[in-house]
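The first chain written gets the first letter, and so on, giving A, B, C and D; residue counts start at 1 in each chain.
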Amino acid sequence: MSAPPYKLASRAFCPHGTVIQLGRVRIGGDEVVLMAGPCSIEGEAMIHQIAAMVAEQGGTVLRGGAFKPRTSPYSFQGLGERGLKYLRDAADEHGLLAVTEVMEIGQLELVAKYADILQIGARNMQNYPLLREAGRADVPVLLKRGLCATIEEFLLAAEYIMAEGNRRVMLCERGIRTFADHSRFTLDIAAIPVLKERTHLPVLVDPSHCMGVRDKVLPMALAAIAAGADGLIVETHPKPEQALSDGPQALLPQQLAQLSERLEQVAVAVGRTFTKSPVEVTSP
Amino acid sequence: MSAPPYKLASRAFCPHGTVIQLGRVRIGGDEVVLMAGPCSIEGEAMIHQIAAMVAEQGGTVLRGGAFKPRTSPYSFQGLGERGLKYLRDAADEHGLLAVTEVMEIGQLELVAKYADILQIGARNMQNYPLLREAGRADVPVLLKRGLCATIEEFLLAAEYIMAEGNRRVMLCERGIRTFADHSRFTLDIAAIPVLKERTHLPVLVDPSHCMGVRDKVLPMALAAIAAGADGLIVETHPKPEQALSDGPQALLPQQLAQLSERLEQVAVAVGRTFTKSPVEVTSP
Amino acid sequence: MSAPPYKLASRAFCPHGTVIQLGRVRIGGDEVVLMAGPCSIEGEAMIHQIAAMVAEQGGTVLRGGAFKPRTSPYSFQGLGERGLKYLRDAADEHGLLAVTEVMEIGQLELVAKYADILQIGARNMQNYPLLREAGRADVPVLLKRGLCATIEEFLLAAEYIMAEGNRRVMLCERGIRTFADHSRFTLDIAAIPVLKERTHLPVLVDPSHCMGVRDKVLPMALAAIAAGADGLIVETHPKPEQALSDGPQALLPQQLAQLSERLEQVAVAVGRTFTKSPVEVTSP
Amino acid sequence: MSAPPYKLASRAFCPHGTVIQLGRVRIGGDEVVLMAGPCSIEGEAMIHQIAAMVAEQGGTVLRGGAFKPRTSPYSFQGLGERGLKYLRDAADEHGLLAVTEVMEIGQLELVAKYADILQIGARNMQNYPLLREAGRADVPVLLKRGLCATIEEFLLAAEYIMAEGNRRVMLCERGIRTFADHSRFTLDIAAIPVLKERTHLPVLVDPSHCMGVRDKVLPMALAAIAAGADGLIVETHPKPEQALSDGPQALLPQQLAQLSERLEQVAVAVGRTFTKSPVEVTSP
């Protein structure tokens, strides 16, 4: 096999694997990581309530969108900076890290001020100017795989970030587009062991967007961990029927609790760990 | 939601789920089932050796092809009836059931004489005359999903069998064709929970064909069980480098042992069971 | 580039291209061929009426199904031998050839008795026993590409037929399965020039099944000829709203006339011919 | 059928169809439009030479990239503003319009200074901030369909531009990602008639990127026009073996001449026009 076109992202560059450490959270280590939160940040009370739920279930990273890439220009586009503030406060209050999406270069500085991890979405996976700029930021990046990106294109996108100096990149499989019409996207579980072989970067999985319905998120989440993923990023909402975006796929509180419990067991079955009740939270 | 076009295969027809009982083996029950064996039956000694391996690792069904559907007319096409005899003997000697593929109506009676379960391959999923004829046989059928079949088409294919009287059908996800080029087929793990919701029939997964390389079979097998599959059908070979077909994807003996061990743990994590060392084998 | 795995089907085997001559009809020559007719043969009067329409518009081959592969076991399955007789009579009366589908080995002799060309459908493209048997028949075969078959698999399927002695095989692109949801299948026009390069066999296109709606058939038919196809096979029906299968995609009589007219012009534009009003029909 | 989620882009908004007039060039009218040029602008002499070729063959728009979105960060990324100047000069000297890609908001003003048409590439089809900004520009936009975008997503992307005020949008089909491995992308010819039905915007086709080899570009280009496209955008290069990017797919000068000639004939066959030798060029 000839050398891959990516260098810094290749497994050969760091054979033992990369662990991204953020306070007490280690992404890519033995412990699998649970990131959870709403699709969009809709208000202050709501994000605090969810942060409490997430922390209680062993989640260590709070997700939530302030700038939303919506297919239609007429859909809710997010709260912007106000949303970022709510997210930061809620995360801090519950000892969580915060991850949120950045959609354009002009938002990067602002988002980096509030977030611990910058998310670059699937639609922007080949937005090269944005990747380069994220490569100059001093914040880890969660890069989602494009809907029809090959593994090579995915790793070359990571390479764009890394080539600018930012080596703290984590990859996220979120489903690809296929003919299959029983899920919104086909979660490509096979990408997990393939990525673990070709790159040293941590691999996360988002099982919420692809399934589109909350009842199918749990089995897919467990499958991802069984296949070797380093963590999950899921959507949850206390009252999904009132969510401003993607309500049907958000886990109910009791479903998040069930995921947390099962996650612990499956992690152990594959030689990993997950602690539902972490040691008491102290400021990082 | 309107009624599905399939009736006998629908979950509503048998809400509690179907268990296919064959001797001491229950397919679709709490215990997950391990079916294993070579791609093709290549000789008597070889299939006996593999049967011993399979039984030792908790497998209960021996797989192996005597009639092989090969993409090229110039490839090895299987041993035919001689292969069936070897398979039957090997299975009997080690207290296993036998599953093997039937490719055409003319072979059906012969194959049914030797096998406990008739396999209908992905390429024949919409071979309606064959489905009908299998529906008149008194042997359970393992029906593989076509490479680009929707869930509805898959269940309508099962309906073709069931409509003729044979209600003992088990379904098998084996990977779909997508743009993704890092695996031969994309194993559609999401099909598992969707099938479990829409049909009462047992759902198996073949993680060998889609991955094409043995090192990636274990994570996909565990993912399938974590997502709710009722069992696995995998390829294994004591000396895969000498296999006449599909050697690179056959698990080595130690890999089958590792699968068996992990399988037990993952099954428990999702509320199922798998017993590596079954109670001593007595004739069924 | 290494040698392809197919031999008899490869362009190298017959560099100047194969022309299949049947009476006055030449498939694969300069003149593009129009095959048309109903999805299913529904009755005697109807098939005669359609045969008249087809002949009037320069069609030379009458299509129509007597044995129908239907996704659901509960759908209309065709008239069987009675349909074959109607088809033969209608074709003869209007100086047309007849093409119809054979679904299983057991039907082959019967269908060959009535048809000038045996059609093997997309779902049976890898039904190897059927391909082999068709390879022993003394009748040309129209082989449709499977819904997710690669070009190599398609040509290997043709090779199965040819390896048994029957060299008169024509290939038919009919649309592949993709994520695109604005047509039932994605007509892979690029397959035409690729096939013309890799094989010497004639290449036809079926633009009816993929589009699913009659208003979109004309542009796709013309595109196929512009891209180098040797002919078309389309569905037409005088009263499509009464058709027992696939009515919405059948061309209305005036649409068939329009296709015929445009076909003539596009054929000339790419250096081919099509004659709407052939010389007076005499028995072949 | 319920109302589509896009409004300004819908056919209902402008039932007779939009014609974008730029000097003497009308995009979306009876005459089909030929846009041609190199993948990247590589130097001054080269782009002038190509402009002469394009004008001679009836092309009216010169294409060429100054900012290139490349999959690898280590590939040639374009000449930037210097390239834009060369493009402008070459276009002006030969009475052509100029189209070139804009990759990020920060480049928009610069590119708009030099180009007559802004191209937004497939990878940026859902780069919503860029779409919005292009919607505020006073320059027509050529929007390429994303590799796995549905028609609805494509039209919603156009809607993002139009909602900001810029109504001069033209759409470009350039191939989608499928399992098919005989072309780099599968040119979705069916998208042409479907788009013509659902939207009033002009529809162009790029047959160069999908095929990847120059010998297959001509049949696909003709197919696109036969199916109803309003124009083509193709790559051409006098010495493709020396091209810095995508040389293998660039048409040779004699191939561009052949395309021009055939284009004229196919256009007429479908009721359109194309004039290889336009009336003598005078400044617009």
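Throughout what follows, contacts are C-beta pairs under 8 Å (C-beta built on N, C-alpha and C of every residue); 3 or more make two chains touch, one makes a residue touch a chain.
Just so we're clear, the structure is a prediction, and the values are computed from it rather than from any experiment.
Trainee: Which chains are in contact with both chain B and chain D?
Mentor: Touching chain B and chain D alike, sorted by label: A, C.
Trainee: Compute the centre of every chain as the mean of its C-alpha atoms, then state which one is farthest from the centre of chain A.
Mentor: Of all chains, C has its centre farthest from that of chain A.
Trainee: Express in whole angstrom the distance between the two chain centres, defined as the mean CA positions of chain B and chain C.
Mentor: Comparing mean C-alpha positions, chain C is 36 Å from chain B.
Trainee: Could you state the distance in Å from the CA-based centre of chain A to that of chain C?
Mentor: 49
Trainee: Which residues of chain A are in contact with two or more other chains?
Mentor: 148, 177-179
Trainee: What kind of graph do the touching chains make: line, ring, star, complete, other?
Mentor: complete
Trainee: Using the touch definition up top, name the residues of chain C that touch chain B in the complex.
Mentor: Where chain C meets chain B, its residues are 5-6, 69-74, 103-106, 123-124, 126-130, 132, 147-148, 152-153, 156, 159-160, 163, 177.
Trainee: Chain D touches which residues of chain C in the complex?
Mentor: My answer: residues 148, 150-151, 176, 178-183, 186-194, 197, 210-211, 215-216, 219-220, 222-228, 262, 265-266, 268-270.
Trainee: Please output the residues of chain B touching chain D within their complex, sorted ascending.
Mentor: Residues of chain B touching chain D: 177-179.
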